[in-house]
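Below are two complexes that have chain A in common, paired first with chain B and then with chain C.
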Partner chain A sequence: MIINELLLFLILPLAVGFVNLFLPVVLRKVLTFLVLTFGLVMVYLFYQRLTDSFAYFNVVIFSLNQIGLFIVAFIQILSFIILIFSVNGLDKYSEKRFFFLYPVTVSFCNAVVLSEHALSFLIFWGLSGLTLYLFATMGKTHDAPKAAKKTFIIIGGSDAFLLMGFVIMWLISPSTGWSLNNPQIPLQGEYAHIAFICLLIAAFAKAGAFPFHTWVPDFSQNSPVESAAFLPASLDKLLGIFLLAKMLTSLFVVYPLMNVILISIGALTVIVSVMMAMIQNNAYRFLGYCAVSQVGYMVMGIASGSVIAFAGGLFHMINHTIYKSNLFLSFGSVEKRTGTAELDYLGGLGNNMPLTFLMALIGGLSVSGIPPFNGFFSKWMIYQGLIEKTAILDSGFQLWLLACIIIAIFGSALTLANIMKFLHATFLGRRPEIYKDIKEAPVNQWFSNGLLSTLCILFGIMAVALPLKMFIYPVVEASGMNIPTFVGLYNPLIIILLLIIAFLVGILIYGLTAKVRYDDVYVGGMPALEKFRIAGTEFYNEVRNFTLLKSIYNYAEKKYFDLYEMGREFTFSFSGYLQKAHPGQLQLYVLYMVIGFLIIMLVV
Partner chain B sequence: MNFELFFYLLVFPGFLFTAILGLTVGWVDRKVSARFQYRVGPPFLQNFNDFFKLLGKETIVVKDSVKSMFVIAPFVSFAMLALVSTIIGTSLFFNISFGGDLIVIMYLLMIFSVMVVIGGSSTGNVYSSIGFGREIKLLLADELAFILVLLVPIIKSGYQINLENILTAQVNGMFINSASGIIAFIIGLLCIQAKMTLPPFQIPEAETEIVEGPFMEYSGPLLAFWKLNHFMMYVIFPFLLVLLFWGGFSFNGIDILWSVLKYLLIVVLMIIIKNTNPRVRIDTALSFFWKYATPLTLIAIVLAVFGY
Partner chain C sequence: MILPYFIIIPLLAAFIISLIAGKKDNWAVILSVIASSALLVLSLFSFISMKEETITYSMSAWSIPYGIVLVQDALTSFILVMVSIISFTSLIFSIQYIRHLSMDWKYYSLFMLLVTGMNGVIITGDFFNLYVFMEIALFSAFALVAYGSRAEEFEAAFKYAVMGSVSSFLILVGIAVVYSATSTLTMAKVAQILPTLNNEIVLWVGAIFMAGFGLKAASMPFHAWLPDAHSSAPAPISSMLSGVLIKALGIYVMIRIFYNVFNAPEVFMKIFLVLGTISILIGVFLAIGQWDMKRLLAYHSISQIGYILLGMGIATPLGILGAVFHLFNHAIFKSLLFYNAGSVEMALGTRDLRKMGNLMKLLPTTSQTSLIASLSISGIPPFNGFFSKLIIIIAALQAGLPWYALFAVIGSLLTLASFMKVQRYGFKGETVIETAENKIGWRMNFAMITLAVLCVVTSLMVVPGIQEVTLDPVVKVIANKTEYIQLVLGGLNGN
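Right, the complex of A and B next:
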């Protein structure tokens, strides 16, 4: 058999992408829309009946299992919703490329998830990185080419590690060969460790976890917002965390210390990027850092070795893709109306764009983990898992894990602070006069944000009934674990019901008594002028200037912690020496040859 | 739907109970504060009078504000406080875990700060915006220590996060009787001071400096609800401390007196701290919590892990 239903996930969007090259823009949109709708239908059908694998030359190349189907489902759902946003708003030139790259990326991402053969995994992983680079080159900002190069080098470099990892895995376990179907390699000896670390680097670079996260903020700042919401906020998170989950459940068998190390990396990711987000003034860059910090929670959950936290980590992954693309897109609407992403120049737009504000607020509260939104439920699961894990360890590890838990919880308070600053600078506070006539975002934009916000609320309130039972518990079971029972107690339905009742009581009292009058804002007895306006970007200067943090921030701004920048410095200084060694003098080259010859003689 | 649920939420131990007790304790606060300053202080029902009088006053809404947020903010925080008081109260009085655990409470309480800043800054007033920044910074300052404080009873109860289980774990000895417990309790008291924005941490409101900050534009029933929220916290936070460290309440004979005394002692301590300290700057508050309170609580955590 040459064609299998499974291949439709790969072939159809790919074909649409290439057909799109020859079509007018309107048809490109229609076709992309159709293929993604069809993708949703296929996901539904596959959930009814999981099909077999697809083999070629007697080697299984693609296969579909629970976790794969789960990831493909969310690739399809998110790309569908983000497509609704992208229908208008891009300029003519970008649109043409965008609607070629968009379905092609969906195709490659699907293929990565379906791959059971290491080589096809590697190829499609690399191709999805390539489309990421092509999206990055669409940026219009001054730094866009730089950001694109950085993205390409980090992601492309991590592909090399992935290749190396697979080759070593193949060497260690020749019986399974290139198959990624449950080789369960025990993490013993240096080779297994090297392979594990190589794969880990690839997963972390793709998902954007510390220390390979630095491309995410740059990409977010410089690329079109649709692509930022599409790739670093959604699909790349799905792929990176998918690889991590696959590594920990089926590729390797890890020991408890490795769990603790990974949890620590997760905690570090949370705190480092949330602290960096605190000092950003560009909204996209800020959201990029926020996106990185959320990866930390996923890593903590998935790597913890506790079932609740594992399920929580997967849940957090989909929650993150939902609320972070919501935030990106909501701000995208603002930027498309106002023309700037610099928080210093915005403010008070909540009145002009009430729907967009509402969506951004819902997204913001979800990302900060405020109940009853979805972000809270997954974080709550992760904390429970970690606490449960802590209880069975000995004192030293207990303290270590407790430190990680504290960092994670405090990280969400910091996220809340960041998001509040973002909301204040964009939607609250005083509006600059030039934005007086700004209108609400176009229908398709707030509709797509509205879908994402609805998912935020729905996944928060009906967490167990909808996402957990439908998508995540099957994955947990298929990975050979039992469905977790919660240690703590959280009943979102009761919480939201009581919140609404108490809220209505309050509103009722207000409604019965209120006599409303409208007036201006006064400062010092005079109607407030525009110069009495603070954007709020300077709110956290005290934190930035805090004794211990000041020097760290200064180093971070000099990019001392950016592996890419450090690597670049090193490469340039090294090649500088090489350059100096080649002055173009014949005698010198002859000398080099003699020295080289002598060395060869000595060695031989 | 369950009738009990509504009773818990709206009457006891939720809204009505918390509101009445809060307003009464608010009177104690005002009276004691007045005595500190050699004044007579208000009559017993003054807080109730204030509340109902504000309900009858005009609400002035800023023309160019995000009006919906301005109006719903006090009610969302009110709803949250009613809910938290229900969750804490049911465990304290009926020994039932209900709705959520300690982590849920920790996150629910953050809604208060969120609503204060959103409601306040929706008006576009510059003082409200300054108050916004301060409120969030104060949240950052006290939250770290507060998380650590809440972790101590979790560790001491053998990693339980349900309120009921934390109470049960204290049957054989209250956590406040241990070294870690007492440290966490004291820091917890200071965190509460900051969470309620009482002096010395009254930084976001600072009447003399930024004219009540986020609450500046509020008037009439909306202001009445903000005031009510504030007084409700006089019940919620001390109850939380009693639950986590002081073995909860007991209502058998003479124990009733002890229970009331426990609560009153915490409230009086809060009032004394409030009246004997001047307002600090936000950076002082940050360094107080991050440099002193947090390391101290970390020590408490280490002690708790090793069973002290």
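Right, the complex of A and C next:
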């Protein structure tokens, strides 16, 4: 066995995690930074010289390919930036655990991506789920234990399906064995389908796609914000979508109907969670639902089978990790200053925390797909690909796919509406008196958000030159597709130019017209008291009361659509019946035994 | 010959304790710790040194078929190691735990008798001898279940005694049938003669044994005694019962009889499969609804035994490997979980999960080790339970039994859910509990930490290279089925 460079991605952060347990506070942070910086350097070096693999007992365990390197690169970049945010703000007790779990999680996520052997993929996938659970148990809210339990039941449970999927793949395709290196199993027959669905469950649970998404809002609401930005918003999305992309490009060969089914699930994810996000009043929970809806776009893009949408899906994935962690962290700064994540109690903090507001605004505009930010570009690629796809389908499918696209675009508009509510409720409107002394977030926090916001802008304006050419096109090529050509006309620079002109015109009009009069606000002839404040959370109460939607929302709030809750309900009722059959009466137990004995006798 | 010492040491210890212990338990503790550490060393030594050979020992040098023979092969040593590890840690755990109940030497005497019975069952090569040792183990188990002397404990012990006697009666009938058909009680001899007889005898006897030993192993539908008995016993005894007794008396004997003596008839393998799957599912469904922590754990024993039976029923070498590995792993994590429950019960005076809360600060060792044990039993990597379940599921799919694999997966998912419940209410709940009724001493912590470390270390047994010297010889003994005859009788002729 030789020490291989690839192993460093696994071993170094893992070792740092364990060493951190014994180090003083400052050294702990320094060491974590060092190891992540080293990770970035390694990514750079591997981009110069790609192929590498690590074998043990003549079985390839780890290997590095384009898509792997791409994901690993963004694992390093995001964990580095989120780490900047995390250096202060945690209490002493949590900090120790955090700086143990953080590098360890990075290590496991790296290992998942590098794994070529199915079993090592499975083990590290499970381990990354375990650290997610351990992060969840750090939550301080009342519901945190419950959320941690739910999270791990969904994530850990999906591991069991992943296991089953891999074993079936191994049985179907004995020639490739446990290797995940391009087995290209045709999706025919029930076994292949079972394997495909098992893997899909795992990928959807990790990425948080409908119907396995329900842990994301709960986790986001109840865990420390650093971990929410780190895992469900970033690393888990990378892993889940990585698995999905791998399934569709190298593990299985799917047929068009399956593509359409997956696209539909994506569209469903978008609309369901964006509608749920609309009625949330807790900011983290709201962001959690938002994150779920974005997964829908990625699924649509990657599952479409069209090259440009595939590239768009991957691009959307990294964009999402960037702007969603930005939003989480920006709001995290607010929550750390004010002590609440309930939008009802916030408002008007834009003056107190201008930088944080700016970052959140950039993140918000990106997530809503407003040009020239990155979110627009990737969504636009996905739509293009899907529309291109409709051209080659039968008319029935064509209509269906168009409906999905319309839903997705509609979802995008609703996202914008949601984000407006979020931004208004936090930063705009009238500020509650108790927050008048709130200060801007600490330097490291807005700096980290600033980096993310810069990426949002850079990836939007220089989309083709930077992320697409550097990261995504190589992946597309390595997956055996041609680099896509764009069909529509969109140039970010023109958009910026137009925006600048619009702003200039606006300023001109503002300067030329009469001075604005500032005055106190009165309600019914009385000066407006704080209780008349419009928090912003009421914006979409109308939607909630639409006849049809009202009952759907009511059912959703009773958790009728939550697979986890339904499963729980069923399990406990079944368990109740079984317990009734065990009342503690000896006669009955002996009777069971006799019956069992007789049955065995009969069988034999 | 070290073989007889596995019986002599604990038996002697049990009697010496009763002779020399005064009112206090100091001597009893010292003696029993010495005895069980000696057993631990012996068993590890024999497991490492003997590898794939089979050693036999004729008691008092009476030759077969008149005398009694003791047999030691890889399977025997493997189970002996398991029993020794758990009895050693349970004993260490008991010292403080039992003192908190009473200062009595009787506990240690009974404990040693329990070990004697189990060791005897494991190394004997004779049916009647097996029955005798089984009864020794059972009677000490009845007494130990009732050790706390509360009404519910007596009730549980009584139920256990009644059900146990019914199954012992069945086993005795089975042995009588075997004896009348073959005129011998030596297992190897019986195995040699059986194929020459009418096949119906195997079926009759097999069915009787299946029910009899099925009850000892607590597989469905013979399980009903277990939750009461295992949850009422003192925690270290629960861990002995759930961790090793049901396996030594139930699973191990079933493996011996159905594989090595009966040559693994297909119909019984099917019954193993079905009973295993039913046990997995019903056990876990029953467990998840419980609020009494020890009762929940007891129901999980049924479900985990189901995995072992499932592995045995698959009957491919891989399935057997999974079963044997899971057998060992289950002993470790289930004992650890019972220690955790015992430690919480001692500290808070309750077993009700709803009355517990955040124990991370109050009982750090207990909370951390319980997390490790919970993850192991739920099959989360890198803990041992993951690997054994993985092997069983792979084996089931490979043998063309996808439904059984699916049930195993569902069982695993529900196990995870119910241990998340334990963690969520028991150790990471909302209410922070500040004070404990009793402090948890270093001996209890030592026992828990040892097993928690083992939960991780034993996963190494599947690493290529280590597997060949640990698990593979055991699997070979089982998978070679009636080759046992030659190994035992051949060894005797040379004696």
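Observations
Keep in mind that, in the parts below, the second predicted complex is superposed on the first by the 572 of 604 C-alpha atoms of A that agree within 3 Å, B and C clash if a C-alpha of one lies under 4 Å from a C-alpha of the other, contacts with A are read in each partner's own complex, and residues count from 1 in each chain.
What we mean here is this: contacts are C-beta pairs under 8 Å (C-beta built on N, C-alpha and C of every residue); 3 or more make two chains touch, one makes a residue touch a chain.
All values reported here derive from a predicted model rather than from experimental measurement.
The larger set of touched chain A residues comes from B, when the choice is between chain B and chain C. By the touch criterion stated above, A:Val604 is placed in contact with chain C alone, chain B being left untouched. In the overlay built on the shared chain, the residue A:Val543 is in contact with chain B alone; chain C does not reach it.
When the shared chain is aligned, chain C comes close enough to touch A:Met164, but chain B does not. In the superposed model, A:Gly596 makes contact with chain C only, not with chain B. Touched by chain B in one complex and by chain C in the other is not one residue of chain A. In the complex of the two chains, the chain A residues touching chain C come out as 57, 119, 122-124, 126-127, 129-130, 137, 142, 145-146, 148-149, 152-153, 156-157, 159-161, 163-164, 167-168, 170-171, 191, 194, 568, 571-572, 574-576, 578-579, 582, 584, 586, 588-590, 592-593, 595-597, 600-601, 603-604.
Considering their complex, residues 158-159, 162-163, 166-167, 170, 203-204, 206-207, 210-211, 214-215, 220-222, 224-225, 227-228, 267-268, 271, 282, 285-286, 288-289, 358, 375, 378-382, 386, 390, 393-394, 397-398, 402, 405-406, 409, 412-414, 416-417, 420-421, 423-425, 428-430, 464 of chain C touch chain A. Here chain B touches chain A in the complex through residues 5-6, 9-10, 14-15, 55-69, 71-72, 74-76, 78-80, 82-83, 86, 97-104, 106-108, 110-111, 113-114, 117-118, 121-127, 129-130, 132-133, 136-137, 139-140, 143-144, 147-148, 151, 154-155, 158-162, 217, 220-222, 225, 282-283, 286-287, 290-291, 301-302, 305-306, going by the rule given at the top. Listed in rising order, the residues of chain A touching chain B in the complex are 348, 350-351, 354, 357, 361, 365, 368-371, 376, 380, 383-384, 387-388, 390-391, 395, 398-399, 402, 405-406, 409-410, 412-414, 416-417, 420-421, 423-424, 427-431, 487-491, 494-495, 498-503, 505-507, 509-510, 513-521, 523, 528, 532-534, 536, 538-540, 542-543, 545-547.
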